[in-house]
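First chain A sits with chain B, and in the next complex the same chain sits with chain C.
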Partner chain A sequence: MGACYLAWATDEKIRDRAANGGFVTAVLVAALEKDLLDAVIVVKKEDVYEGIPTVTSDPETVVECAGSLHAAPINLTRFVVEFYKDERNKGKKIGLPAKPCDARGIIEQAKRQQLDINDVYLVGLNCGGTLHPLGLREAAAEIYGIDPDAVVKEEIKAGKLFLSLQSGEERECKMDELEERGYGRRDSCKMCTTKIPTMADLACGNWGVPKGEEATFVEVLTEKGEALFRNALENGYIEVKEAPEESLEVRERIKNAMVKRAEEWWQKLDVVRELTRDERLKFYVETLKLCIHCGACRIVCPVCACGDAAKCVSMHDERDDYVISMYNMIRLLHLMDSCIGCGQCEDVCPVDIPLTLIHRRFAERMQRKLNYTPGMSVEEKPPFYEAELRWHDIL
Partner chain B sequence: MIKTICPGCSLGCGLYLEDGGERGLRVWHRKRAPVNAGKLCAFGMCLPQYYGRARMENTVDGKPVTQDEAVSEAAKRLKSIKPEELAFVSVGAATCEELSSLINLCKALGCKNLELGLNAAFKTLPESLHEFLEIGVPLASVERASKLVLFFMEPFSQHPLLARRILKAKKNGAKVFEVAFVGGERGIADETILLDAAALVNSASAEAAEELKKLRERKDVFENALIISEVNPYTDAVLLRELFAVCAECGAMPLLMKPFLTMSAALLQSALAPETKRGSSLLEVFEDERVKGLFLLETDPAGVLLLSERKIQERLSGLELLVEQGAFRTVASELATVTLASDMFFERRGLVVNAEGRVLRNEGTSTTGVEILEGIAGDITGARRSFEDVRNEALKALGLEAVPNEDAVPLRRKEEKVQVEPNELRSGATVAETTRVEDYLLLYRTTPAFWSGQFVKDFVEISVEAARSLKLFRGDKVEISNAEAVTLDFKISEHLPERLIVSEMKLAGVSERLLSPVRLRKKE
Partner chain C sequence: MLAAVNSSGKAEAEEWQPKILAFCCNWCSYAGADAAGLERRQTPPTIRVIRVMCSGRIDPAFALMGFLEGADAVLITGCHIGDCHYVDANYKTRNRFEFLKEFVDELGLEPERLRLQWISASEGAIFADMVREVTENVKKVGPSPFRKSWKK
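Take a look at the complex of A and B:
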């Protein structure tokens, strides 16, 4: 475990605008202003339901983008990869606030030589999950009984989702209740057990922050994290105090409770578990035959780095009449060691194939067997990748 | 990143497009988009290639000119043609503002030939039913329907973003039926009413009328159902009338999808120039030799017509005047007297109406398209309107005071149910002779790729029996012929009736209709 602090921005404007004392925003602003970073990727808020990832070197823009945006379920990995595909950006240092699935995707891309992890500063954010924007709008109308357009702010605190209205009024509902009624977090988030981004450079969040304090609980995890933290502290962008033992315990307790709940969700959402072998095959055939081969799941996948040479594409022929196409068969195989369960594929599937569930069913067993969790460390090569290297060595 | 609308069909899926400079355009999913929740079909995913086509330039008689010169030349030459010899066509992806300006220009010239893709359907149905062509129902009501009928509609190919709504309806307990020549392809329908394509190849025949009686015998299927179908410039008039007759008899509601964004904006045509709805249909424009001058707005004739490029060019080269305004060069551009270059659809500022009746913003910044059209009209009438004026006129024509929220579906039909005497729609059939089908029938399955001619599946589907009888093996090719012949790869589909061939790609020269007799041979 890294050194842990309670920290907050010294700039009142940042504190007002951002969540939890504005530590994350202050660190990124400091890194830009003191030339530790060349650019930052942030999500520009259109409204409560929409955010657009933006690459910026302007500290003002970073401040404008402060604050949580749970209903913009974006994985930033592809944006980082695209940034480095531009030759002009090679060698540039970038930073970004990263949910665990963002950080894991970026680490997987680094393993596949799509970027140099030394150039990417991951300001990790604790994550209890994200919501689909249209689902949140529906929940606002159906559960909260309010006009979705009147919502100006959302916040998840102590297991509740708070919606603030233009009028200043605040409404709340327990996340468990929302989810029992079919709303709340995306399925992939409900099942996700990676709540604290220990694979990032810093892990930040409000778990463990004493009641009444506007601060961020920060764990410094790497040298890059240390550099970000020191830069902000030494240049007066943040104030800190050592995290008390009690804060550490609370944070751990919250994480454990969320992991436990995620495991319960997995038991509940894994509808295939109770099926017989024949029924399982039927389930996979029936769901995957809906695939229209648009390729969106591959394009958004944060761990796929195959590009135009992707075997799932080149070995797929629409004239074939397999009950499960080669595209899907290869993707299932390919992701068994690498799927991080982010759910982006399911988000973009035009025919709503439950891809998070399907990939997780295949990946979980394989990853357990191989004792490998993707996206946790750049040093750990994907097991199938190693196999490929050995095969080439033999040739 | 630009918030834009996919121009692939009338659903109007939302997405972001980012200009990556030398690395081209990139598609990003816009999960907030109420129509599609960020999801896109294969066409939407391929938009960078769609937008990568050769761009139009401003020219007069083939020579490059400035936009102003092209505009003033277009105005001068349009004025020189008699109004009754002119036709205006926009079947593609134009904004409501552009269409409003086009209608304005058309009226300024006193022309009544304006086609936004629905004229053939308008002319085949009584006026009281026109609103059912123009406006559908909110997509959310597809999910809530208890009974759905897919009327010659294969949603997974034709409108995949509708397919997910149908799947949700099924999950909610809806019964799904399909009326089709091919059944059970994805297993989405609980029951298929299979019609014989051979009987309907000449839909005006007595045999066809007999075949269609099968539908009347299944009132249980249609009663209070939501019937989903597609209307396009080639939709068979008899089948369209039968659909409405069934709706009227059974209290069913139609939801008509369209392959082009402009088609839902035919609402504007009804409001601003209703007299043009009886004007020439798309096919008539290209067949009628009385048309001497043609204005194409954002329309690729090779995309919207089932004619071969050669035939299209033959027809176009006979025109006295061809003015083409668009973002991309088309088969017509070489022959055009004046070409006017607009910006690509995603770059434009403007509104579109989707098949539901939702008004969506395309959030580019370019207003060049409107400026060109208003420039031409201004040269003719002396009055040139601003973009805001044009937008206000379009909104007013749609019955709106301001641009509505994208989450609302503000444009609704006045009538909930189809009210018409069913036999009125059925009269007029049984006049023509039966077409003898001794060989095969080619059925076009119209997808966004089909109409754009881009990223199409370059093979045909044939039946197991056809493959057996022709002794086809993997790697073989088939020849499909009619007036002309094409050689293609094939896929064997166990769902196809023996003598039906399905193509998602236009086979120009082989078939000029959605269903037509052809010969099928093994290519030796």
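Take a look at the complex of A and C:
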């Protein structure tokens, strides 16, 4: 475990805009202004339900994008990969606020030589989950009883989801209640067990921040994280104090509670578990039969790196009338060791195939067998491609 | 591949005969299959052999395609570990087979339908035994569920 601090931005403007003390924004602004980073990728708020990932070198824009957007479940990995596809950007340093699934996706891409992890500074964010924009709209109308378009702000605090209207009126509902009624977080988030981005360079969040204090709890995890942190501190962008023992405990307790909850959700959402072998096959055939092969899941997938020559595309032929298409078969096979469970594929699927569930079913058993968790460290190569000689097996 | 799976052997016997797709390495198990014939070993006429230059050439996707085409079982055969003509390719086969095994099991096909066997060029007996064994096992579990919905 790295050194832990409570930190907050010195700039009042940042503190006001940001969620908890503005540490993340301040660190990115400091890194840009002191030339530690060439650009940052932030999500620009369009409205409550939409955010647009933006590459910028302008500190003003970064400040504008402060604060979290829970209902814009974007994975930034593909945007980082696109950034480095441009020859002019080779070798540039970029930074971004990263949820655990962003950070894991970027690490998986680094393993596949799509980017150099030393160039990417990951300011990790603790993540309790994101909401699907459509789900939130429906919830606003049905549970909160307000016009979805009139919502100007959403906030998750202490297990409650707050929606604010233009008039300043604020309505709240318990997250658990929302989820019982079929709204709330996305399925992938409900069952995600990576709540603190220990694979990123910094891990920031409000878990463990004492009540009433406006600060961010920060764990410095790597040398890159240390560089970002020092740069912001020494140039006066942030103020810090040592995190008290109590904060550490609270953070750990919240994390453990959420992980436990996630495991319960997985038990509940995994409808395939109860099925017999034949029923299982039927389930997969019936659900994957809906696929129209638009390829959207492949495009958003943060761990795919095959590009246009991908096997799942080249071995697939629209004229085949297989019960499950080669596209789906190969994608499921290739993601068995690498699926990080981010749920992007399900979000974009035009025919609503429960891809998060299916991929997790296939991936979980293989990852458990290999004792491998994807996206945790660049050193651990994907086991599917493992090719080195294993002489100790024979000798 | 479609042709290999579809071509039935001799006239169909009254009892249902499975169709088994076998990938054989040019340097060992293909010669092993040959040896089984030379040694006059009786094998059921259930297998369709596809020769590959190395078991490392067998992408798990080939096996999956075989299943989708209606094969009742897929055999992957290659040289013993350490004997590979291309030094280390059968290590890769072994690694990929682990994935394939889990995949087929999760998908809902019986584990009997998939097998990896190391057979050297002189092991005709092992080849014949393997075919016999797999044929019996597959007869027990019946036709592939993919075949039931298989048109034609």
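The definition used in the following text is that the second predicted complex is superposed on the first by the 386 of 395 C-alpha atoms of A that agree within 3 Å, B and C clash if a C-alpha of one lies under 4 Å from a C-alpha of the other, contacts with A are read in each partner's own complex, and residues count from 1 in each chain.
One rule holds for everything that comes next: contacts are C-beta pairs under 8 Å (C-beta built on N, C-alpha and C of every residue); 3 or more make two chains touch, one makes a residue touch a chain.
As the structure is a computational prediction, the values presented were derived from the model and not from experiment.
Looking at the shared chain after the overlay, A:Arg365 reaches chain C, while chain B stays out of its contact range. When the two complexes are overlaid on their common chain A, residue A:Asp278 makes contact with chain C while staying clear of chain B.
Touch criterion met: A:Met336 reaches chain C, while chain B stays clear of it. Once the two complexes are overlaid on the shared chain, A:Gly2 sits clear of chain B and of chain C alike. Look at A:Asp321: by the touch rule set out above, it reaches both chain B and chain C. When the two complexes are overlaid on their common chain A, residue A:Gly159 makes contact with neither chain B nor chain C. Residues 320-321 of chain A touch chain B in one complex and chain C in the other.
Across the interface of their complex, chain A is touched by residues 59-61, 64-65, 68-69, 81-82, 87-88, 91-92, 95-96, 98-100, 102-103, 106-110, 145-146, 149, 151 of chain C. Within the complex formed with chain C, the residues of chain A that make contact are 277-282, 284-285, 311, 315, 320-324, 326, 329-330, 332-333, 336-337, 361-362, 365-366, 369, 383-384, 386-387, 389-390, 393-394.
On the side of chain A, the complex with chain B involves touching residues 46, 49-50, 52, 72-74, 82, 85-86, 132-134, 137, 148-149, 286, 289-290, 292-296, 299-300, 318-321, 347-352. Residues 1, 16, 20-21, 23, 26-27, 29-32, 34, 36-42, 44-45, 156-157, 160-161, 163-164, 167-168, 186-187, 405, 407, 457, 459, 489-494 of chain B are the ones that touch chain A when the two sit in their complex.
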